[in-house]
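Please find the structures below.
In the two assemblies presented below, chain A is common to both, partnered first by chain B and then by chain C.
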Partner chain A sequence: MAVKVITPGLSTTVQDLGRPGFYHLGIPLSGGMDRFALRAANMLVGNEEGAAVLEAVFLGPELEFTAPATVAITGGDLPPKLNGAERESWSAFEVRAGDRLSFGFLKAGARAYIAVSGGIDVPVTLGSRSTYTLGALGGHQGRALAAGDELPVGQGGKGGGSVPATLRRMPGNPAELRMLPGLYWHRITGESGKRFFADTWKVAPEADRIGYRFRGGTALDFVPREQPFGAGSNPSNIVDACYPYGSIQVPGGTEPIVLHRDAVSGGGYMMVGCVISADMDLIGQLQPHSPARFVEVTMDQALAARADRQAAIQRVRDHLGRN
Partner chain B sequence: MALAGETGDLPRVVPMGLGGILVQLSDRLDDAANRRALALAARIEAEVGTGALAGVEEAAPSLGSVFLRLDPLRADRVAITGRIAELLKDAAGQGTAPSRRWTIPVAFGGAGGPDLDAVAAELGCSAQAAVEDLTAQDLRVMAIGFAPGLPYMGILPDRWDIPRKAGLTPNVPAAGIVVAVRQVILFPADTPTGWWHVGQSGLRAFRPGAADPFAFRAGDSVRLRAVGPDELQALREADPEGGGARLEVLP
Partner chain C sequence: MSIRFSFGGDEHIFAEVSESMSLEAFFTSLSMTNAVREAGISGVTEICPANASFQIKFDPDRIKPGDLLRELQSMEGAASKSDASLRTRIMEIPVFYQDPWTHETLMRFRERHQDPNATDIEYAAEINGFKSVDEFIAAHSGSPWFVSMVGFVAGLPFLYQMVERQRQIEVPKYLRPRTDTPKLTVGYGGCFSCIYSVRGAGGYQMFGITPMPIYDPEQKVSYLRDEMCFFKPGDIVKWKPISRDDYDAALEEVERNAFEPVVRECSFSLSDFNKDIDGTNAKLMEVLHGR
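On to the complex of A and B.
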């Protein structure tokens, strides 16, 4: 069984839940930007939740199946069509050999997840099938899909069902991104910190798997200090350190960047905080120019949000009978 | 959340989001702090997932800090912080002796090192003297990061405290050697950079698909060996992955 790529879309990559454990060698997490949607897509087709799927951004691919399979599309509202006829997102459907899957124009969100029963069976590299295009690592030949590619698919299980809208989660308007102020928060003035949360920001065009840049808010005011040796000359610079997933850096103090799944593993900008992982899924569904606000939370609130997210995944499992 | 002040005591152990803890040993680039970071990361790695460090999934050292990636629902931050304090005491003043040494042929200057003359001018010496100085240094891989397998090597003597370039070089080819701020980097892939491009090697630091894709480990000892451009070319043809670089395992 294989999936043939007729047209690749804008940038469609193979992703699973990612490749943790290699920060010390300069390898980012990679994996789906909206992991909730990725898990749900796999549940719908009867796969393990962490099986490899296709992540399409803004513009869907056109694919042909060489054998019967169960397919499901989740995530942003990128309307699927089978042989030209519209199908429901967030619902499993059957395909036959020779069937073609294509997509209409994106109506909401940014990324769709295409799961096929059996999972996309590219080789496992450093523990994951996820594509890290900057490192030419994993996925299909370490790159986004191209016309003519053929992707192997594993042996499928039994899928079916659909995930009702009440069990899904998409960003609001503006998107509210909960964050834990962090390591260098004390380096900006109190007034500046208040404005950071009060301002409504907009997603900049520089928004991809590496990170999402936000603009339109007030530039940060730094508490004056003498730069330590090796930290560069701008107050936003530090001695290079590890950048975790979700960390927010503000180069030059002007535009925050939230680092996402393919961000470099470290560098020399100070981090003012971290967006909580549940809301990193929401960032994966933001289009350029969408409004967003940062909302301060405590560690306890962040832990509660984490538990809520686990519960939301469990509700999908329960609904689909995948326990 | 309580945060230590900028001038507060180091090392400090601070939360970094829900999924991480940072152990900051120094806020400046410092050889001793880096050695401690590597030693501490090794001690943590040996205990990852057990005892007080249950819920710790990875310890990643950087130049002057160690990042711990956590499973937030399993990690007990109080227990982890306590155990780190103990390990820090044990690791006080300790460093890890290098267990491996690289010798890497590098063609300095010319088309493969267009910034060598400018760097020599910053140092106030001839290009040849700059190369002799650099190749006489026992470098150490202080951290790996920024890109897959990319080594930050140092720490060079004070005279090599050269700021990054004002502008960006659009592309330094893979295996290029760049310097700035008392450090040396060998780029695993073609990279735009603000560092000074002084030479070219033939060592592929990251080989996706290989059984061990990473040439360097933090803590490796490194010597650069000056060769002419023709010799480098011959070494690269004979050894496309390594460009004649040699790795010794030290006793």
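On to the complex of A and C.
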């Protein structure tokens, strides 16, 4: 069984839940940006939740199946079509040999997850099938899919069912990204910190798997200091340090960048804190120009939100009888 | 030196050993991360040393953030007292300074640079008080460098010059980062040199290029079959200036997969180094050159 790529879409990559353990070498986690949707897609087709799927962004691919399989599309509202006829997202459907899957225009969100029963069976590299394109690592030949690619698919189990809208999770308008202030938060003035949360930001065109840039808010005011040796002369510079996933760096104090699954592992810009783990999925569904706010939370609130997200995944499992 | 700890969201603890760069801060970072690795704490998923800081990623479902923080704080005393010495490797990295490829790239991004009328290396030589680019190259390649961090992108080393602070080269990063940097560019930003392991964006000044692959995701390069990234924190590097002919010859060896980097085992003691920097470096050079 295989999936043939007729047209690749804008940037479609093979992703699973990621590749922990190599960040100290500059090799990031990778994996689906919206892992809630990725897990749900796998549940619908009867896969392990962490099986490899295709992540399509903004513009879907056209695919052909060489054998019968169960397929499900989750995530952003990128309407699937089978042989030209519309199908439901967030629902399992059967495909036959020779069937073609394509997509209409994106209506909401940013990324769709395409799961096939059996999972995309590219080789496992450093413990994962995820694609890290910057490092040409993993996935299908370390890159986004191209026309003519043929992806092997594993032996499938039994899927079926659908996930109702009430059980899905998508960002609001404006998106509210909860964050824990910290890291170099002390480098900005109290007034500047208040404005950071009060402002409504907009996703900039520079928004990809490495990170999401935001603009339209007020530039930061730094607490004056003599720059430490080795840091560089701009007040936003630090001695190059590690960057956490979800960390919000502000080069030059102007446009915050939230690092995501293909994060650069370190660098010389101060960070004002991190978007909490529970809200990382939401960033993966933001389009350029969509509004977003940063909402301050405490560690206890971050952990409660994390538990809520896990409970939301459990509700999908319960609904589909996948325990 | 008291470490400043901060939570990075609900999955990271970020630890700043010192605001400013020094070998003392780097060694504390290295001994802390070694101690965390040896402790085998359940729930810790990534241990990342950096130049003057480090970061631990953890799964808060397996260890409470506050518990991990207390555990790290309890290790601090032992780490800063530990004998700052290590068994490591010294290696020679050939560099073709002022090569045509980084030159072509830097000319495309002149409007993002502090001095549009000079090349990156001319600018760096001038602001560091060197009379000529040749003198600057002699300084950049004259003493060894410590790999004080690996990261940014896969396998990229940050290197810290092993000389007195007043002799260290310091260069600002580009005013706005470039969108392109040739693969294997030898760069410079702040007090750090680096080698770009992959082609891509970058903000460091570009001085030259090495023919020697340092990252191979396919693990086909003879010396990268076991580890796809060549560098580890704690490695010691000596740059070797090479000509265009040397570069072409090395590249031909790389293409035949016959290139073998010069790498030797060595030991390093921070207190010996601080007592006699030039003497320690001279001994390291003897080890490198097998004398």
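Convention: the second predicted complex is superposed on the first by the 323 of 323 C-alpha atoms of A that agree within 3 Å, B and C clash if a C-alpha of one lies under 4 Å from a C-alpha of the other, contacts with A are read in each partner's own complex, and residues count from 1 in each chain.
Quick note on the criterion: a residue touches a chain if its C-beta (ideal position, glycine included) is under 8 Å from a C-beta of that chain, and two chains touch if they have at least 3 such contacts.
Remember, predicted model here, so these are calculated numbers, not experimental data.
Superposition of the two structures on chain A shows chain C clashing with chain B. In the superposition on chain A, A:L59 makes contact with neither chain B nor chain C.
Touch criterion not met for A:A67: it reaches neither chain B nor chain C. When both complexes are overlaid on chain A, the residue A:I313 reaches neither chain B nor chain C. Of the two partner chains placed around the shared chain by superposition, chain B is the only one that A:R187 touches, whereas chain C remains out of contact.
Of the two partner chains, chain C is the only one that A:N237 touches; chain B does not reach it.
Contacts of A:T298 after superposition on the shared chain: chain B is touched, whereas chain C is not. In the superposed model, A:S265 lies in contact with both chain B and chain C. Of the two partner chains placed by superposition, chain B and chain C are both touched by A:G142. When the shared chain is aligned, chain B and chain C each come close enough to touch A:Y245.
Where the contact sets of chain A with chain B and with chain C meet, they give residues 20-21, 23-27, 125, 132, 134-138, 142, 180, 182-183, 185, 228-233, 238-242, 244-247, 264-267, 271, 273-277, 299, 302-303, 306, 310. Contacts from chain A toward chain C in the complex involve residues 20-21, 23-27, 125, 132, 134-138, 142, 179-180, 182-183, 185, 228-233, 237-242, 244-247, 264-268, 271, 273-278, 299, 302-303, 306, 310.
Residue ranges of chain A in contact with chain B, taken from their complex: 20-21, 23-27, 125-126, 132, 134-138, 142, 180-183, 185-187, 223, 225, 228-233, 238-242, 244-247, 264-267, 271, 273-277, 298-299, 302-303, 306-307, 310.
Those residues of chain C lying in contact with chain A across their complex are 6-12, 14, 16, 18-22, 45-55, 57, 60-61, 65, 149-156, 158, 165, 170, 172-173, 189-192, 197-198, 200, 215, 217, 228-229, 233.
Contact residues of chain B toward chain A in the complex are 1, 3, 5-6, 14-20, 22, 24, 26-30, 41, 57-65, 67, 69, 72-73, 143-150, 152, 161, 163-164, 181-182, 188-189, 206, 208-209, 213-214, 218.
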